[in-house]
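Attaching a single structure in structure tokens format; questions to follow.
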């Protein structure tokens, strides 16, 4: 039982706590700029979990693309479209209650399913992080077609977004 | 000589004397008692080695609980919150230590020595030195202001840092080697999973060296070693901004034919940054009323923490790296990417028209310059074939010619593209739009003052160092000297280690090269005017991006052909590599000559008339 | 073109306008009545022979003895270089004095002819009080339509450089202190 | 603001709301630049109506430095008024004094001794160099280049030393008075001045490499704030701002006084080297070339000074009587044509004194030039016109 | 200390998923909905990576996760572009306001 057997649970619960706290923060907060910041907390927490799950490359990609790119995009969107920073979009009482009950019911159902099935877990989970070379080879051999399609899709999205957002003067 | 003033000295003289006397009383009293307790315990442990367990249990477990029980009513009586919390804390510690001793097979000697001998002695010494400084306050200041203090502090600091780093590496290696040395490894394992108990460790040391075992024992845990290493890294990172700010002001002064800071702290104002730091800490903590308070306070940390995290994956030498990640390069780029958020939130939360302008411009610039920076970094990664920075550095071992910058022409162009893009992504030199005083008063950090403002500065200078560190590792032969490593003396005695460390391969070379690139950034900042925002974006989208794409394309073709399958192209590539390294040599000699020429006739260049005044004026 | 030539040219061009010329003074000038000033100005600007294109300065002077406010215009007429050393030469200098009665000083504005006139007219109105009609940057308030003030605050009363100007001892609650409480400088 | 409108009146259909809020997409902003703004030279306030980065309209507000110089002129004898002329264009005090003294001498017909005229030319041209140095340094500062500012002030320091040695002051000299100069030049003045000129001449080439031909500086100033020759004359521009638009007009050549015709120097004019004729870069570069010409003039004047002994001041300068006449006299100041209108009424005190500051007219063109340019270009344009507020507000 | 099994990750992902749905339903601000979508995608990614580690040796799950991140970026770009148009024409991005069908 070497040192990181007792260290891993602590770190896992730490990151899970960060993720859940920021997710609940997003739900509760009214100010949209704060919601965007809580999203940063979730993305960071999930990236930490990827490191724990031996997926280093994915964690780095998540940080660059998601936290560095998409989140900046969302914050830009927030700033350009909200006239005053204190935009209050308070949902009415009844809607909130209904939504939370549905959420809890859904969570209970999922939890039951997850704990019910005994996943045939591999003998010993992988303890070496997937190296960049492995991911690279796989990406360009088995997954070559989706790789090319994804690049085409990105091109289309870029042109579409530019066209949609241009001012009409 | 300059008067050393400490800003927060209590103005009223009588109060100051009283405060000083009270502080002296507390420090001397506490120091002496702690020292006595430590020595008595040491004597007791040596006198009755067998009852050690009970003594430790009583002293470390029961005594604090009794003390706590005594303190709580006292605190409640005269309503002092500190005393009550102290009381509860003591009870807590007592219960914890008692429980630990009882439940787990912890070696009582370990707890006893750590808690009751080493702890008090260390605390006593600390308090006594503090008291000494207060008593001899005047002499300390005089000492600081002597002519040679700066030099001694400077050289002493560097030598001690090198020794410290080397010693900690040696000790860590020794303990790690001990940990998996089977002869010592008996079945008894301590609670925290460490497989070496003090007893086994102490067999290694004879007689009176046994306390060393106690010190080494905690080092066997990876977590403790990481914490110490992280302390070292953060220490180094906090030195960089202080030093670079001072250096920038001196270089700017020299460029503008003036002297720069000369007065604070004696020789060439070396303590100017410390003084600024103290001043900033004492500044009023202003938060704009309508702005979003929490976001306003959070923004500097959003900018500062990523800049520090980038240093986790940045190696200073093959062994001196905190975490040698497989995706080190991507991780550093990610951290520099997140800094943008801190800036945007700062601009948004200070609720002022100008800072929103600055934040928007800043965000566009940093986000758009990340793409060419990433593309330019692709080229050396492709030639080296790995993302792990230490592997890339290994490729550049054999001398000046092997540096990646001269590997192929595309690498050279990529180096310059990367350097310009990195200038923009750290908001430096011609791209420092946000702080362009002429239009926006101070960009996104207009409303910030005091410590928060200096956090932004720390982030900027740390990012500057990280970015130039990347440039050095990927293009300029990381921590290897211009001479190939094969010529280095191989022995591991002190002399050859020092020679190898200085000339061939070691963190000092890396820091020197980073210093050179930092100098270039500073040099550019103080000579070039600022670019307009539309020119900045034009330069990025229509010039730098297509250029970097072409360079990546070119280098892929170059790599495709530059292998044994095409001997003709390979020989041509060798020739090109030779030529490029020749270009590199010429450039460096030119720079060296330029510097020497500038230094030799530094008076003539400026013109003698500038020095002596015209009589009567 | 010498100053007499210009004066005679103006006299025959505008016989009924009663243009007088003061040639003997060190600052030879032509005196024009406010009613004809607009037509004379256009003539001075556009006539191929004169072409005074550079309005150097408009000075306002308060002749209190003969109850008149004068606006003195100084012109240059620049001549393109004759290809020799590229130096522009001055074809002629002229100054015109427009005298307006003190009680209702109305002078037509020439901003549409010379851009420079804009700020000069505003300053002359502000300090001396000559009201330039239909000035592009004019404003309506209790003393009628007049060019906006340029140096003094917009709600300032009176025109400082007039000889009978009383220095206000209080402005928006700010007390003014003058020597021996005098509100007008003792002359000479 | 938009949402509260919607909240409060849910029944409204959206088209009505849209017009009420106006063009939502790009809300125009009234941006206030100055009066305490780092890039407006002195106390100038400009209200800019901007749409995003584009400037739609600029309204300069002046009068913050108004010190009633003209009202005082009507109560003070001419030789007492000299110190007030210093404070008008505080960067070129000597030229102001020269303009006022020449106007009074033209009005009263006073004869100025030859030596005084040569000394006046030397000090006027040296002050022009100092003023152009400050404008070059400040313009570099506007563009973000910090270093030329300090080089300029290092060179200017030497000129101020020379002025201090001869008249005791560094900024407000009151050295040139009616009838000549207040005091003769100190004995070693001529060779120290020559030594300075030999030291200063190569420095101008250094500034060109550092700032004028710097690619970024050219990119920021070429083709920005273009003023055509006709427009410049129409708006009454003068000095380097006019010559930058290609009009080769300088009062020292057109209407030479106090001996300017005896020196040979030429008039630098904007040629549109880096961009269109009449852009900010041309106006800036004309000033740099003018410094070289001024050095030539001072060198010739120094040689002439060595050879002209005699009085440095007309005896009855103080008690001169103003005839019952008026005069409008202009000379070529550092920033343009600086003119004085003086109306005498027979007594010693003038009836009316009016100063025509060149910056006053040069500044009036800002609204014309700044229309639909970028926010970052506004300081570039104002810097190239080189405005001193003391002269604008008087 | 119990060692971390697959269940822990799946439970966390489920919780994240439900919170994502909650944000989408509760937020009236269009960008709030977009943030909800991001949460759901993160939950899915987490499941994928957890399975790669605990069950199979192959790392296909991580490749799919990369693709999901890529698509999320593209989707966010398009969404923001649409909101810009939405904002420019209707002066607000309150989703309930967009109740007419024409132009």
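We just call them A, B, C, D and E in the order they show up, numbering each chain from 1.
Here, a residue touches a chain if its C-beta (ideal position, glycine included) is under 8 Å from a C-beta of that chain, and two chains touch if they have at least 3 such contacts.
Here the structure is a predicted model, which is why all the values come from computation and not from measurement.
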Which chains contact both chain C and chain D?
none
Considering B-D alongside A-E, which chain pair is linked by more C-beta pairs in contact?
A-E
Averaging over Cα atoms per chain, report the distance between chain B and chain C in Å.
70
Rounded to the nearest Å, the gap separating the Cα centres of chain B and chain E is 37
When centres are defined as mean Cα positions, the distance from chain D to chain E in whole Å is 62
In whole angstrom, how far does the Cα centroid of chain B sit from the Cα centroid of chain D?
51
Numbers and ranges of chain A residues touching at least 2 other chains:
5-6, 57, 61, 69, 76, 87, 167
List, in ascending order, every residue of chain D touching at least 2 other chains.
2-3, 25
Which residues belonging to chain B are in contact with no fewer than two other chains?
none
Listed in rising order, the residues of chain E that touch chain A in the complex are 1-12, 14-23, 25-32, 34-36, 38-39, 42, 45-46, 49-50, 52-60, 62-63, 65-67, 69-74, 76-85, 87-88, 93-94
Help me check something: in the complex, which residues belonging to chain B touch chain D?
252, 255-258, 353, 430, 432, 436-439, 441, 526-535, 607, 609-610, 613-617
Interface with chain B, chain D side, in the complex: residues 29, 31, 33, 38-39, 53, 140-147, 150-151, 154, 158, 160-162, 164-165, 186, 188, 192, 195-196, 199, 203, 210-211, 214, 216-217, 219-220, 374-379
What part of chain C is in contact with chain D in the complex they form?
25-27, 53-57, 59-62, 72, 74, 78, 81, 85-90, 95, 114-116, 118-120, 123, 127, 150-153, 160-161, 185, 187-188
Where on chain A is chain E touching in the complex?
5-6, 8-10, 12, 16, 19-20, 23-24, 26-27, 32, 35-36, 39, 42-43, 46, 49-50, 52-55, 57-58, 61-62, 65-66, 69-70, 73-74, 76-78, 80-82, 87, 89, 91, 95-96, 99-100, 102-104, 106-107, 110-111, 114-115, 119-122, 125-126, 130, 134-135, 138-139, 142-143, 146, 150, 153-154, 157-158, 160-162, 164-165, 167-168
